[in-house]
Every structure is written in structure tokens, then in C-alpha cells.
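There are two complexes below, and they share chain A, which is joined by chain B in the first and by chain C in the second.
Let's look at the complex of A and B:
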């Protein structure tokens, strides 16, 4: 296929050198920050190339009846669960401090999730999708980022108040209850069931095949 | 040669993206000693920017502090990495929004996402993906709510644009 736009290899070379320079500079400040920056560049690259989007993973089954991205999200979850379990156990053995995302739960989790769900469909991408599309040059998601800045600041100030009205429970870390192996197994089983449900839904929406 | 170029030009299959993202996600956990998250850092930037333009009176955060947070580099990296990918495919350009409806929808959607994420302690990455990856019940509860929200959002979207 012939490209309509001219090749941007010169710009690409310049930008690549600039990124390399930035990573080298960051290494002078902190090796950890430089590594994280390099990894997040790879994350952005992958998100863009694979058209990965959490918003679509949740929205497409409802809006257009396709579940390919939903299944990819399930795969991402499954690998991450296993990887996190290995890293968490390794950190424990090696006595390296590691923080996991076990957050308090309550009504605010449900309300926040519903608002977030509405928001990501309206904005045409979840937060990572917004960042990716800004990199791609979409003006629409630059406005979404503006909305995000207002929303997070407003949410940051008001949510302690809202949480105090409804009350919140301390987070439930499944391995504390079931142990590591059973909780990983239970979660993978749930993902497997969800996988089958999405397959069934896809067939139902698009006919057999 | 043709095959090599495919990596940069054509979109990757979703499952390929999922596997690579999962590996990178785990590597971030190892290097950062904390899972990948996005909105916590956006809130800090919002507070700093807000105090610069005088919208809020917040002295909690300085630019120097922001530039030493790993979250800053995670968010910046995702934007620049996506730009890099479009550049490598020779597709980099500004894509303006012609429809005012899209702009307003994006603004409102962004606001709802930001507010919801701060209320629930995380976004679709920090709470849905990495809450579940951390084997936390909150993550599972959040994706159920996300699904309900997406359904409502789709209804609204159809109302606005059709």
C-alpha cells in the first residue's frame, strides 16, 4: 500500500535522539525514574500500535456487539494477576518493600466507577486512552485532559467529605483470606467464566462464525 | 524487510498488545515497587496548575516535587510513546475536532472520569487493572460499576449523537 503522507523518518530520527538524551539526563537524577520513563514510553507505543483501549473493552460489547478487545483486556488481567502474585511473593522473600493497589471500598467505589464509566464513553477513551490519543494528536482528547484536570482537583477536595457521609471499609486483600494460590485460582476462574460469557455474547450479536 | 515494517505501520492484534502491556505492567511494578497508576499524579498536577493560575489556593506542591514523582514520567511517557509510534508510522499530525459536540462531550467525560477516579481511589488502570492484578476486592467491585457506567454512557452517547 502506498502511503499518502510523506515519510517522517527525519522527524522520527530527531525525536528518537531527543528521547534517548532525555533518558540519559534522567539517569543522572535517578536510575529508577529513567527506567520508569523508558517503560512508559514502551507502554504508550504499545497502547497506540495495538489500539488498546479500556473504554472500548467495556463499551463495544454494548454499543456494537464486538468483544475482541474485551477478551484482550481479560487476557491482560489474567497475565497481570499471575505476574503480580510472583512479584509480590518474590518481594516478600527478598524483603523488598512493595506496595500493591489494595484500596478501601464502599459506596464511593460504586459511584466513582459509574461516573468513570459514563465519562470514559463520553470522552472517547479512558485516562490511558486520553493520554495515548493526545500523543496521536487528537484535539478532542486534549479537551478531555482539561476536563480531567478539573475533575481530579474537584474530586480530590470533595471526596473525603463524600466518603465520610457514606462510610468506607478497609480494602479486602484476597490472599489474606484465601491464601495466594487459591485467590489467584479463583480470580483466573472468574476471568475464564467472563471469557466464555464474552464469546457467547459475541456469537449472539454477530451470528455463528 | 516488508515484515519488519509491518511492526511500525500496521496496527497490532489486540492479544499481542495485551501480552506486551501485561509484561510492561509487571516490569513497572518491579521497578517502581508500586503498580502503574495515572490519575493520582494528574490530581497533583491539577492542584499545582490550579494554584499557578490562581483558581485554587494550594501551597502543598511545587514543580520540583512534581518532577521527582515517578507518576509524572509514567504519564509523560505514555503521551510521548504514543506520539513516537505515530511518528514511526509516518502518521504524526494534529487532528482537530470539527464538531463542538465532541469537544463538550470530551470535556464533560474528562470531568466525570477525573471526579469518579478520585472518589473511587483510582482509574481503569490503577484500580480496575491493577486493583484486580493486586488481588484486591475493590478492583472487582470497580469493574462492575464501570460496566454499569459504560452502559449508561452508551445510552447518553446515542442520545447526543444520533
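Let's look at the complex of A and C:
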């Protein structure tokens, strides 16, 4: 590993300096923009270093019986549910307006989910995975990016039409119905059940595990 | 003890994983399978899978973005 890191330290330093200067420049334009950029930089770095693959989390249990990434994904959901509760309540206390993306759901949501899943496995990665690997220089994923851009644009323009065909139920926001604490508890309980299901599945697939 | 190598160069998840799976079935205990990939997720997935299945695996990043895996089959 050492010879790899030493051969690239000049590039690393240059790139880091460039990013730092870019953030400083963005801060002159808008602090919000600079913060978003810094956050996305951190997110990208984490994604690349962890080599986390969402596609793998859903595909591997069925394909080869490994559930480690699925469990990581469940953990990720649990952390973000609790984090989101903290952020939403904190915003309320501090009187910061919060825009929630609670979308209506319908049959098209499920169909879209299945289509996305198929696309994810065919493309060899989910959206973040594709972007990460393009950054790493995996040229094959450029095709996936093209499909991604096309699909997003097409979906964006056609969604009002699709929604009107299938009809939809209004979005459900659990804290509005149960209150914050019970809804977080319910979600965590469901995740715990899913966690146990993955453990059971792993044992079933691999014999004694 | 034999050393095998399969070509998974340029292939994306999950094809390398399936190929490894199949190749391993043909091999006997103690045999070594050498794999090289430039797909970061592939390498990760194979390492995870091998470890969970009780096979021995050695992962090395031989160059930037190129991983070399040595998988030793430990059981049938």
C-alpha cells in the first residue's frame, strides 16, 4: 500500500488545495452553497472509502446468501431515522422552517421501485455507486450514467402524467398520526424485525452461521 | 494443491461473484483461486462472501484501483 500512496501524494495535495480554494471561493458567493459543497464532498469521500454498494445490499442475500451489507443498510436506516427525528424536532425548537418531502404514493411507486431495482442490478450499481465508480475511472459506468440522466429527465417530465393515470393516495407522514416518539419506535421495531429476518436468512443459506 | 485463475477483468458486479461461485465448486479443498479486478465493489463483495463462507481470502490493492484477490478454498 505504501508505494501507492507515496506515488500520488503530489496529486493528492494539489487536489485537496484546489477543493479548499473552491470552498473558499464558494463562501464568497454563498455560505449555504459552500456548506452543501463541503457536505457532498464528505459524503463522496465516505462512499468511495467504504466501497458501500446499495445494489449489493439487496442483491447478494438472494444471489449468494451474504447479508452483511443488508444489515449495514438496515443500520443506516435506523441511524437516519433517529437523526431525522433529532433534526426535525431541533428545527421546530429553533424555529427554522423545514421543508419535508412527503410524497403521495400509488401503484406506480411500487412499479417504479421494481424497475429501479432491475436497472440497479443491470447497471452494476445504484446511483451513488455509479457516480463513485465513474470518479474512480471505471469507464463502463459512463453508460449507466447516460441511462441515469435519460431516465431522470424522462421521469421528471412524465411523472404528472403517470400519476394521473394510476391515481394516488396522499402521502403518509407517521409523526403526524402517532407523534414523534411512537413513530420512531415503530420504525425501529420494524427494522429490528428485518434485522432478525436477515440473520435467519443468512443461517438458512449458509447452514450454521 | 492447484492454482486457478479466472478472467473477471472489466466485468461488473454481480457477474464476477457468480463466476467465482461456480469456479469454486469445481475446485478441491486447499486450491487457490487468483482473481484480479478493477471494480472496487466486486472486490469488496467477493471478500465479504468468502469470509462469511469460511474461505481464506487475501486482498491486495496492487496498483491504484486494481485489486488482486487470492482465495483459498477451505471446505466443500
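Heads up, the rule we're going with is that the second predicted complex is superposed on the first by the 203 of 209 C-alpha atoms of A that agree within 3 Å, B and C clash if a C-alpha of one lies under 4 Å from a C-alpha of the other, contacts with A are read in each partner's own complex, and residues count from 1 in each chain.
Please note the rule applied: a residue touches a chain if its C-beta (ideal position, glycine included) is under 8 Å from a C-beta of that chain, and two chains touch if they have at least 3 such contacts.
Values in this document were obtained by computation on a predicted structure and should not be read as measured data.
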Look at A:206 in the shared chain and tell me whether it touches chain B only, chain C only, both, or neither; answer first, second, both or neither. second
When the two structures are overlaid on chain A, which partner does A:124 contact: first (chain B), second (chain C), both, or neither? both
Identify the partner contact of A:136: answer first if only chain B is touched, second if only chain C is, both if each is, neither if none is. both
Once the structures are superposed on A, label A:114 by its partner contacts, choosing first (chain B), second (chain C), both or neither. first
Which partner, once the models are overlaid, touches more of chain A's residues, chain C or chain B? B
On the A-aligned overlay, A:63 touches which partner chain: chain B = first, chain C = second, or both, or neither? both
With the two structures laid over each other on chain A, which partner does A:32 touch: chain B (first), chain C (second), both, or neither? first
Please indicate which partner A:198 is in contact with in the superposed arrangement: first for chain B, second for chain C, both, or neither. neither
Set of chain A residues, in rising order, touched by both chain B and chain C: 8, 48, 51, 55, 59, 63, 68-69, 121, 123-124, 132-133, 136-138, 140-141
Which of the residues in chain A end up touching chain B in this complex? 3, 5-9, 11-12, 15-16, 19, 26, 29-30, 32-33, 35-52, 54-55, 58-59, 62-63, 68-69, 71-73, 75-77, 79-81, 83-85, 87-88, 91, 96-105, 108-124, 126-128, 130-141, 143-156, 159, 162-163, 171-175, 180, 183-184, 187, 190
Note which residues of chain C are touching chain A in the complex, please. 10, 12-14, 17-18, 21, 38-41, 43-45, 48-49, 52-53, 61, 63-65
Considering the complex alone, what residue numbers of chain A touch chain C? 1, 4, 8, 48, 51, 53, 55-56, 59-60, 63-66, 68-69, 121, 123-125, 129, 132-133, 136-138, 140-141, 202, 206, 209
Contact residues on chain B for chain A in the complex? 7, 11-39, 42-43, 45-47, 49-50, 56, 68, 70, 73-88, 90-97, 102-103, 105-154, 156-158
